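Two complexes come next, and they have one chain in common, subunit A, joined by subunit B in the first and subunit C in the second.
Entry: the complex of A and B
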């Protein structure tokens, strides 16, 4: 019995874990698991992370960013490339300062951020629900699995025109399509995470006399947390990528649209400024999710 | 504890095929509701008439060449840089956050920055494909090499293997699963990168065909191209995914 609880799902689990790394994590939380017996995987993963900590690498990372900025300044000053290719940082900086004083800029930010939040929330709820469903009904899950795994490859953006005609020319087509993109990794990771929970935990729950709800919320979800969190992180990344690229290619508003619009007007400074804003947004989301992960995994350790 | 599958293995692909038929049926039903969704027979007609059109075949070949080039470059660069980063923990600690952050940026917005340098055409589209494909491979190979048990390399050295032998006989085989997963994601992402770049601006390619079909409201032509694209990505990822699953532990 214990064997067939773990074994059938192990291979795909690793594939999806690896995928989680591919798009998001640094690898610590999943790879050590492969060498360990399943019941200890959580502890092993955390141990590995702590060993890796060492001196703060954040300083070196900041150093690299500063070096890149210096290179940009020097290259522009020495005219290694023309300002049509990449304008000097001072010009981009002043364009950015002017932009943040305009209503257009903040409207674009508001639209994009609203889309990201809506997509992220929808993907979390739907993905978690589907993941639970596939875990509870493994046959259904296995039947859907090939499609889920390969639908990473679908450029959902091509359905945008269709959606516009059905829903209308507003943020909703983007929200619907980006939600489909972001839901897939959330579903896969929830499913794999729950399926990978050691049978020891289920026995423990039974021994302690946990109810259905307690088993799920107090045992299953904390035990599956590292993999589910990788899914949450992927969902957030896909929300950003889906929203901004659809705006960039087709939509009539948002940060992505502003980049295209400034490009078409040959406003190189403003365009680069908007690209930098998207980079900052991506960095902000990365920091937020890292903090959230630290908080959840910390709580998990202490409880 | 109902996790174990209690059906015969053959029922799984049968079920997947059934789901495909169900999907087609739902599509056919939806096509009756609005003119933007072409019916299934119309779309299949469009697939065959497109494939019989020499212009379309030219576009298809252009896109396919770019995707192949982008994959080849992306996979090679990703594996080489990934192994290098995995071998050097210090550099990895500093660079990895930037790579992970870059991975979450919608890369297509970099395309207008590439255009003034490389102009519209093959080079800029291939680079766009490479930028899309390289990050998952890089992140995965870096992680896998860094977390490879140190005994592997020690054993190699103890047996008197050269650096190159350690690399080709020990390191690369040890991380082959990550390389396969990176390749699978890389093929899909390179395709998306090339198509999106063509969609933005180009003279030829599947992306241009789709954009034109969209602008002229030829929805069955649009859908036919989407279907071909889906089929290509599905077959490639499914094949590589099966390889991954069959790898021994």
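Entry: the complex of A and C
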């Protein structure tokens, strides 16, 4: 497969994971195949080939969520834990219903979502650009690589108080630091993805007479897409974690701020309601990105 | 269509110990317009290097290659190249892959569509137009690559161990198909392989190359019937040609192994 030729020196844990994921998602584990045996197509064939029995995975996944909810209801009813630890779902539900009717709630959602979108967009643009630059300029890449790889492990949140002093108490210090966090995986994955493009594609580009732009946009980028998209996914995750956790520390508003604020007021119901909202937001983003990956890469899979 | 003239082509690399390494030395050969020539030789004899020079992907350190009346200095749409590795684009369908070369060359949409369908039929992939490479076997992917190359109507077709990654049965099948396509299109073909039988089954002429420095030891004219099937493999003529080529190669392989051990 073209994606397994990767720059051997670039192997931070998360990138390796992302690659494994990308490799799995391109489904390149080749099973022994008979030459010219017509591959089976269509839904029916796919269903017949499914080896594991049971309900479809999506349904089973939803089932786990229902089970957890039931556990929550039962545990609260039987008072297995104090309602100070985790209030009953009915109380949290009614708190949530009340919250969504307030302007504060929507303002918090708006601020957090704006931060995430800004960070994600900036990380995509900067990370892709830097990845291309380091790939095009290997010397520069080698010089910067140790920093990039070790930055992966730095909890950038520790710089947050300093940033607040420098920039001020608003969304900007959050956006700046979360962008740094999210840009790193995007940069590394773009770089590794491009560096790992099979050499046969470069030869193909040469014999077909592709120009510079054609080689990059019509061959290199699509060939690197599985690994680059794994970077996109990581960038989104870091955008969310970075934004919410820094709001939690200190911020004028946002979902993270609301969680902490309600906690400090001993408003258990409201706090858990906000936590649930963050969960839902994370789930929504994860589904969006998975759908995008499926749309771009689905056709390349062998089954 | 055009013949190929290889004039005194030499290729030197700098070896790992800094000493010059002569991969090709004074190759002087002609390929007539429309003929099918195979190059056999031990691993590392420079046969792929020679093909890369003819394709324009590498510049020789001496001599020149002329196709038709033009000297080869860089890759050129008149020269079609098929690689050993899978070069199908996994994000494009069979039809999209076959169209790709034409799209780069700037052909009109109508021409791309019409030509691609014709080529897919030529390589026997009708019904798979909308399939992605992941759904195809190695042999089928190589057919896609062949169709993509032929769609550009190259004057010469260079194949660098194109079936090297395929199993023996598939090689036989797809080899016969390449010969059939060559008979239909009349393209000049240069075919690199290390499989003597394959070379005998496919070509009109076989060049036997020596281990470093790469030189042409022998040009064998393949005096076998035009439509050679599997039955010719057992024939007397076939065996005689095979042993003639093998005699050359055996010595070279031994020499190569001793050299690389030293």
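One rule holds for everything that comes next: the second predicted complex is superposed on the first by the 242 of 303 C-alpha atoms of A that agree within 3 Å, B and C clash if a C-alpha of one lies under 4 Å from a C-alpha of the other, contacts with A are read in each partner's own complex, and residues count from 1 in each chain.
In this text, a contact is a pair of C-beta atoms (placed from the backbone, for glycine too) under 8 Å apart; a residue touches a chain by one contact, two chains touch by 3 or more.
Quantities reported herein were computed from a predicted structural model and do not represent experimental measurements.
Visitor: Mind working out whether A:204 is in touch with subunit B, subunit C, both or neither, as first, second, both or neither?
Guide: After superposition on chain A, A:204 lies in contact with subunit C alone.
Visitor: Looking at the overlay, does A:300 come into contact with subunit B only (first), subunit C only (second), both, or neither?
Guide: A:300: touches subunit C, not subunit B.
Visitor: More residues of subunit A in touch with subunit C or with subunit B?
Guide: Comparing touch counts on subunit A for subunit B and subunit C gives B.
Visitor: Using the superposition on chain A described above, determine whether A:214 touches subunit B (first), subunit C (second), both, or neither.
Guide: A:214 sits against subunit C, while subunit B stays out of touch.
Visitor: Check whether A:222 is in contact with subunit B, with subunit C, with both or with neither, and answer first, second, both or neither.
Guide: second
Visitor: What residues on subunit A does subunit C touch that subunit B touches too?
Guide: 26-28, 34-35
Visitor: Quick one: in the complex, what on subunit A touches subunit C?
Guide: 2, 26-28, 33-39, 41, 198, 200-201, 203-204, 206-210, 214, 218-219, 222-223, 225, 299-302
Visitor: Under the definition above, what is the set of subunit A residues touching subunit B in their complex?
Guide: Of all residues in subunit A, those touching subunit B are 1, 4-5, 8-9, 11-12, 14-15, 18-19, 21-28, 31-32, 34-35, 48, 52, 54, 57-58, 60-61, 63-65, 81-82, 84-86, 135-136, 138-139, 142-147, 149-150, 152-155, 157-159, 161-162, 165-166, 195, 199, 202, 236-237, 240-241, 244-245, 248-249, 256, 259-260, 263, 271-272, 275, 278-279, 282-283, 285-286.
Visitor: Within their complex, state which residues of subunit C touch subunit A.
Guide: Checking each residue of subunit C against subunit A gives 55-57, 75-77, 79-81, 83, 85-87, 89-91, 93, 100-101, 104-105, 127, 131-140, 166-167, 169-170, 173.
Visitor: For a test of understanding, state which residues of subunit B touch subunit A in their complex under the given definition.
Guide: For subunit B paired with subunit A, touching residues are 1-5, 7, 11-12, 15-16, 18-19, 34-37, 90, 93-98, 100-101, 103-106, 108-110, 112-113, 116-117, 136-137, 139-140, 142-144, 146-147, 149, 177-178, 181-182, 185, 187-189, 191-192, 195-196, 199-200, 210, 214, 219, 222, 225-226, 229-230, 233-234, 236-238, 241, 244-245, 249.
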